[in-house]
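For reference, the structures are reproduced in the following blocks.
Common to both upcoming complexes is subunit A, partnered first by subunit B, then by subunit C.
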Partner chain A sequence: MRLSFGQLLARIGFSALAAIIGILFALPLIWFIFAPFNARAELGIAIPDPWTLQNFMTVFGNGFAMRGLLNSLIQSVGGVILVAAAATLAAYALSRSSIPGKSMITYILLLFSSVVSGTAAMVPIFLIVSSVGLMDTHIAVILVFAGGLLPTAMFILRDFIDGIPKTYEESAMVAGASPVQAFFDVALPVIRPGIVVVVVWAFVNIWGSFLIPFILLRSDDLMPSSVAIYSFYSEAGTPIVTLLAAYSLIYSLPVVALYLFVSWKFGFRFFGGIKA
Partner chain B sequence: MASVEFQNVTKSFGSFNAVSDISFKVADGEFICLLGPSGCGKTTSLRMIAGLETPSSGKIMIGPDDVTHLHPKDRQISMVFQDYALYPHMNLADNIAYPLKVRGESVEKRHKRAKEVADVLKIGDLLQRLPSQISGGQQQRTSLARALVYPSRVYLFDEPLSNLDAKLRLEARGFLNHLQRDMGMTAVYVTHDQAEAMALATRIAVMDRGRIVQFAPPIEIYRRPATTFVANFVGNPPMNMIPVEGIVESEQLQLRAHGVLVRNLPLSQGIKAALGKGAALTLGVRPEHLSMGTINDTNTLSGNLFANENMGPEKLVTFERQDGGRVTARIFTDDMVETTENVAFTFDGAHATLFDAEGKRIAADGERPL
Partner chain C sequence: MKKNFSLLSHRAGAAFLAPAAALVGVFVLLPFFWVIFVSFTNRTLLGKTALNPDFVGLANYFQLFDPATFFTRGQFGFSLILTTQFVLLSALVGQALLGLLLAWLMQTIPPALKRIVETAVIAAWILPEVVIGFAWFAFLDYDNGTLNMILRGLGLPAGDFLLQQPFWVIVIFNTWRGAAFSMMLFNSAFASIPPSYFQAADVAGASSWQKFRDIGLPLIRGHVVTDLILITMWTFNVFTPFILTNGGPSYRTELLSIYNYRIAFREFDFGKGAAVGVIIMLINLAFALIYLSFGRKKAKAVQE
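Let's look at the complex of A and B:
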C-alpha cells in the first residue's frame, strides 16, 4: 500500500506528537529512578555521578520515617482485610439473594461513599471518631478507610459475582453441600480473581492516602509514611530533595511488589463461567 | 430409587404463574420427560423437585417423604445442569468426587470411586484435566459422572444435551437410554426437543403455559395427541393441521376444505357431539402417513408445490392449498415427485386425527388403550 504525501505527513506528525507526550510522562519516572542515588540531586534530571547509597543510609537513620512504613503497612493490611472480607460477603448476598431494591442499595451506598472518604465529610468523621473515643488509634484509620472503600468494592465484586453462574452453588447444594460449604468450596475460589482486584485497589488507596491519617492521628509513632514523608521538608517547607527521593522510592516499593506478586500469582485474569 | 409426586403444585413469580396447579406421579424406576416450549414451566417444575425453588402452594413427595420445604442437600437426589456447572478450579477427579467430599469420604475412597465412574463414561484418562481443557461432550459426561457417583433416589436432568452438537447429542442420548435400561433409575428429564423425549421417556408430560396438557407414553402422545397443541409439538415435521368443515352424508363423515376431500369416515359418538356444536373441525394428518396419489383417491389433499426438500433417505414435499394453508408430506425418495405444479397426496382414513372446535382430540368409538 502506498501512502499519499499528505497521509505520510499526518502519520509522521502523529508519531512525533505521541513521542513528545510519552517523554513528558516518562520524565518524572526517570527522575524518580535516578535522583535517589545522587548525592547532589535537584529537581532537574541528572545521571548520578558517582552513584551512591548515602541518601538511603540517612533515610534509614530517620526513626520517624521508618516507623511510618510499618504504620502504613498496619493500616493498609488491616483495611484491606476488612474491606475484602466484608465486600465479598456483602456482594455475594446482594448478587444471590432476592432483596427487593438491592441494586438501589448499592447505588446509594456508592453515592455516599464518595462523600464519606472525601474532604467534605472530614468534620463529621472527626467528631464521630472523637466521640467514640478512637481518636489517635490505628483502628480509627482502618474503620474510616473501610467505610469509604466498601461500597465501591461491593460494586466491583457484585458485578463480578453476577457474571458467575448460579448453577455452581446449586449443583453443590443438590450434591449435598450446605449453603456455607457451597460458598467456600465452589463460589469463593471462583470469585477469588475479583477479590484480588479489590485487594490491590484497596491497598493502593490506603497506602497512598494522606488526609485521613493526618487528621485522625496525633502521635508521631502512629503516623503512616504518607504523613511521615513531611519529615524530609525543612522548617521553611522546602523539600530536601535527596532524602525525599530516596524515601519516595522505598515508599513506592510495596505497591510495586504487590502488583508484581499478584500478576505473577493470579495474572489479573478472570475465570468466569465455562463457555458452553 | 424412589417415586416422585406432585400434589396440586403451583409456583408463581409475582402475578405470573409459572406452574399452575399440577399433579402427577412418577413411579419408581420410571423415566419421565417434561416436554414443552420455553416458558411452559418445565424447568421450574424440575427445580422444585431439586429444592432450588419452593412451591407457592401444594406438596411434593419423594418416596414416602414430604420434601416440599426440604433443603436440596437433604433430598438425596442428583441433577445434571444444562451448563454442566463444572467447578472451573477443580480437576475432573475433584469435580466428580465433590458429592463424596461433602459426605465426608476420605480422599483415597472418593478418588477411587470417581475413577470407577469416569471409566464407565470413558473419561477415566482425563481426571487430572481442568474442565476448561476438555471438549463439550467430555464436559457433559463429567457432569453426568458427578450425578452418578453417589447413591441417589431421583435423577434430574435439565436439558443436558442441548449444548452439544447434533452428532454428539445422538450419541449421548443413546447412552442415557442404555443407562436407564441398565440402572432402572427414576429420572425426570426436561427438554424442548420432542425427539429426545420420544427416544428416552417411558412417559412424557407435555406442558403448556404452566399446565400439563397430556401425560402418556410416547406412542400414545404420538398416535393420540390430546390436543392440537400436543399434535403440533410432537413429530418432526409436526402433524399437518387443517381446518375443515364436517358434513354427514349417509351416516358417514365427509370433510371439506380448499384442496381437501375426505370421504366416508366412521361417524363416532364423539364426532356427533362435536358436530352438534358446529361444523368446524380440525383434521390432523402426520406427514409420514401421506403418500403420492391423485385427486380421484378417497382421501386427498392437494395444492401447488411449495418446496421439495431432499433429506437423503426421505423427501419433504410441501404444498400450498388454495386458501394458503401448507401441508407437508414425508415420502421415501424412491416415490419420486414429478415437478408438476399441482400435487395430490392421499392417506388411509384410519390415520386421520380429528379435533373439535376447542382443539381437543375426538376419540373414535371403542378405542382401546395402546
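Let's look at the complex of A and C:
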C-alpha cells in the first residue's frame, strides 16, 4: 500500500507522540534500573560506579526485611488457595446446578463486592476481626482478602465454566460417574486455565496490598513486605535509599514474573479487571 | 433425559456454595450491615466506649454535615469535594482520555514501539503500590529527583511539588498509575471493530481523526461507559495517595479514604469513621446500580 505524503507524516507524528507518552510513563521508574545496584544511591538518577550487588546482600542479611517477604508469601499463598478453591466450587455450583435464585445470587454478589470496598469497610472489618479474636494474625489477613476477592473470582470463573459444554460431564455421568467424580475428574481439568487466571489475579492483589495488613497487624514479625518496607526509614523519617531500592526490586519481582507468565501463556490482551 | 436436567443436585450445589458463602457472608455482607450499626453509636477504639458504646442516633452524621465546619480543611465536606475533584480530573479526564488516546495510537504505530510503550504504561499499573509510592517520592525529590533534574536541565524553575502542589501531584500520579486499564479496555474494544470499516474509510481518504470520530468512537460507546463507571468507582475508593502524601500537607490531599482512616485509626473515633464508611458505600451503591442496570440492558440487547 502506498502512503501519501500527508499520511506518512501523520504516521511519523503518531509514533513520535506515542514514544513521548511512553517516555513520560517510564520516567518515574527509570531510577529503579540504577539505584538498586549502586552502593551510594541517592534519590537522583546516577549510573552506578561500579555496579554492585552490595545493597541486595545487605537486604538478605536483614532479618526483618526477609521475614516481610516470607509473611507476604504466607498471606498471599493462603489467600490464593482459599479464593481459588472456594470460588471454583461456588462458580461450578452456580453454573451447573439449578438452585433457585442463581441469577439473583450473582447480582447481589456483584453489587456488594463493589459497594463494600476496603476503604468503606475498614472500621467493621477491624471490629469483626477483633471480636472473633483474630487480631494480629496471618489468618485474619488471609480471611479478609479471601472474602473480599471471592465475588470477582466467582464471577470470572462462572463466565469461564458457562462457556464449557455440559456434555463433558453428562457423558461421564451416563458412564456411571457420580456428580462429584464428574466435577473432579472431568470438569476440573477443563476449568484449569480459568483457575490459573484467578490465582494470578488474587496473588498480585494480596501481594501488593497495603491497607488491610496495615490495619489488622501489630507485631513486627507478621508484617508483609508492603508494611515492612517502612523499616528502611531512619528514626528521623529519612529513607535509607540504597536498601529501599534493592528491597523494592526484590519485592516487585514476583508480580513482574507473573505478568510475564500470563502474557506469555494467554497473550496479555485484555484481562477483565485484573485489579480489584 | 429431562430437558432441564442439572448436573448437581440442590444439596450438592449448596455444599459447593457453602465455603464461598461463609467467607463472603462474614467479610463482605456482614461489614455492610455492621458499619451502618456502628455509625449510630459513639464506639471508640480505646476507653470506656470501646466495650460499651452508647446509641447516639444520627449524631455522627450531624457532626459530619455540621455547616459551621463542613468546608474547613480536614473536615468531611472538604474531603468530599476534594475527592470529587480528584475523581473528575484523574479518572474521568486523565485516565480515560489518556487511555483512549493511547489505544488509538496503538492501532497505527509499529509493533515494536507499541510493545515498548505498552510495557511502560502497564508497569505503572502492575507494580505494588508501596514501590510506586517510593518511586514517585524519589522522582519528585527537590534536590536530586529526576523531575527537577529535567526541569533544571531545560532551564525551568525546579519545585518541591509535594509541598507546593500536592493535589495536582496526586491527580497526575493517579492518572499515570491507572491509565493502563482504560488503554487495554479500549484496545480490545477497537480490536473488535471489523477492519473492513476502517479500510473503507481509508479508500475514501478519511483522516485518522475522522475515522476516530465517525467510526471508532461511536462503535465503542458501550465500552466507554463501562470504563468510566469502573474507573470512577476505583478512583473514588483509592487509598494509594496516602503512601505518597499521608493526606498532607495540612490535609490538602486528604481524600475520603484517607479521612476515614484518620478519623477511625488515628483519632480512634469508630462511630464517626463508620458514618463516613456508610456515606462512601452509599455513593458506591449509586454507581454500582448504574453500572449493573447498564450491563443488564446490554445483555438484553444481545439476547434480542
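The rule is simple: the second predicted complex is superposed on the first by the 239 of 276 C-alpha atoms of A that agree within 3 Å, B and C clash if a C-alpha of one lies under 4 Å from a C-alpha of the other, contacts with A are read in each partner's own complex, and residues count from 1 in each chain.
We adopt the following convention: a contact is a pair of C-beta atoms (placed from the backbone, for glycine too) under 8 Å apart; a residue touches a chain by one contact, two chains touch by 3 or more.
No experiment lies behind these values; they were computed from the predicted model shown.
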| item | value |
| --- | --- |
| Between subunit B and subunit C, more extensive residue contact with subunit A | C |
| Which superposed partner A:Leu70 touches (first subunit B, second subunit C, both, neither) | neither |
| Which superposed partner A:Ala257 touches (first subunit B, second subunit C, both, neither) | neither |
| Which superposed partner A:Met104 touches (first subunit B, second subunit C, both, neither) | neither |
| Which superposed partner A:Ala175 touches (first subunit B, second subunit C, both, neither) | first |
| Subunit B versus subunit C as contact partner of A:Val186, first or second or both or neither | first |
| Touching partner for A:Ile128 - first (subunit B), second (subunit C), both, neither | second |
| Partner chain(s) touched by A:Met57 [first = subunit B, second = subunit C, both, neither] | neither |
| Subunit C-contacting residues of subunit A that also contact subunit B | 170, 173, 271, 273 |
| Contacting residues of subunit A [partner subunit C, same complex] | 10-11, 14-15, 17-19, 21-23, 25-32, 35, 42-45, 82, 85-87, 89-90, 92-94, 96-99, 107, 109-128, 143-144, 146-148, 150-151, 154, 166, 169-170, 173, 179-180, 182-183, 204, 207-211, 215, 225-226, 229, 239, 241, 244, 248, 251-252, 255-256, 259, 268-271, 273, 275 |
| Touching residues (chain side subunit B, partner subunit A) in the complex | 50-52, 71-73, 75, 77-79, 81-89, 98-99, 101-103, 131-132, 136, 139, 143, 146, 150, 156, 163 |
| Footprint of subunit A on subunit C - complex, ascending | 4-10, 12-14, 16-17, 19-21, 23-24, 26-32, 34-35, 38, 43, 98, 101-102, 105-106, 108-110, 113-114, 116-117, 120-132, 134-139, 141, 143-147, 149-150, 176, 179, 181, 184-185, 187-188, 191, 207-208, 230, 233-234, 237-240, 243, 256-257, 260-261, 264-265, 270, 273-274, 277-278, 280-281, 284-285, 287-289, 291-292 |
| Subunit A - residues contacting subunit B, complex | 165, 167-168, 170-178, 181, 185-186, 189-190, 271, 273-274, 276 |
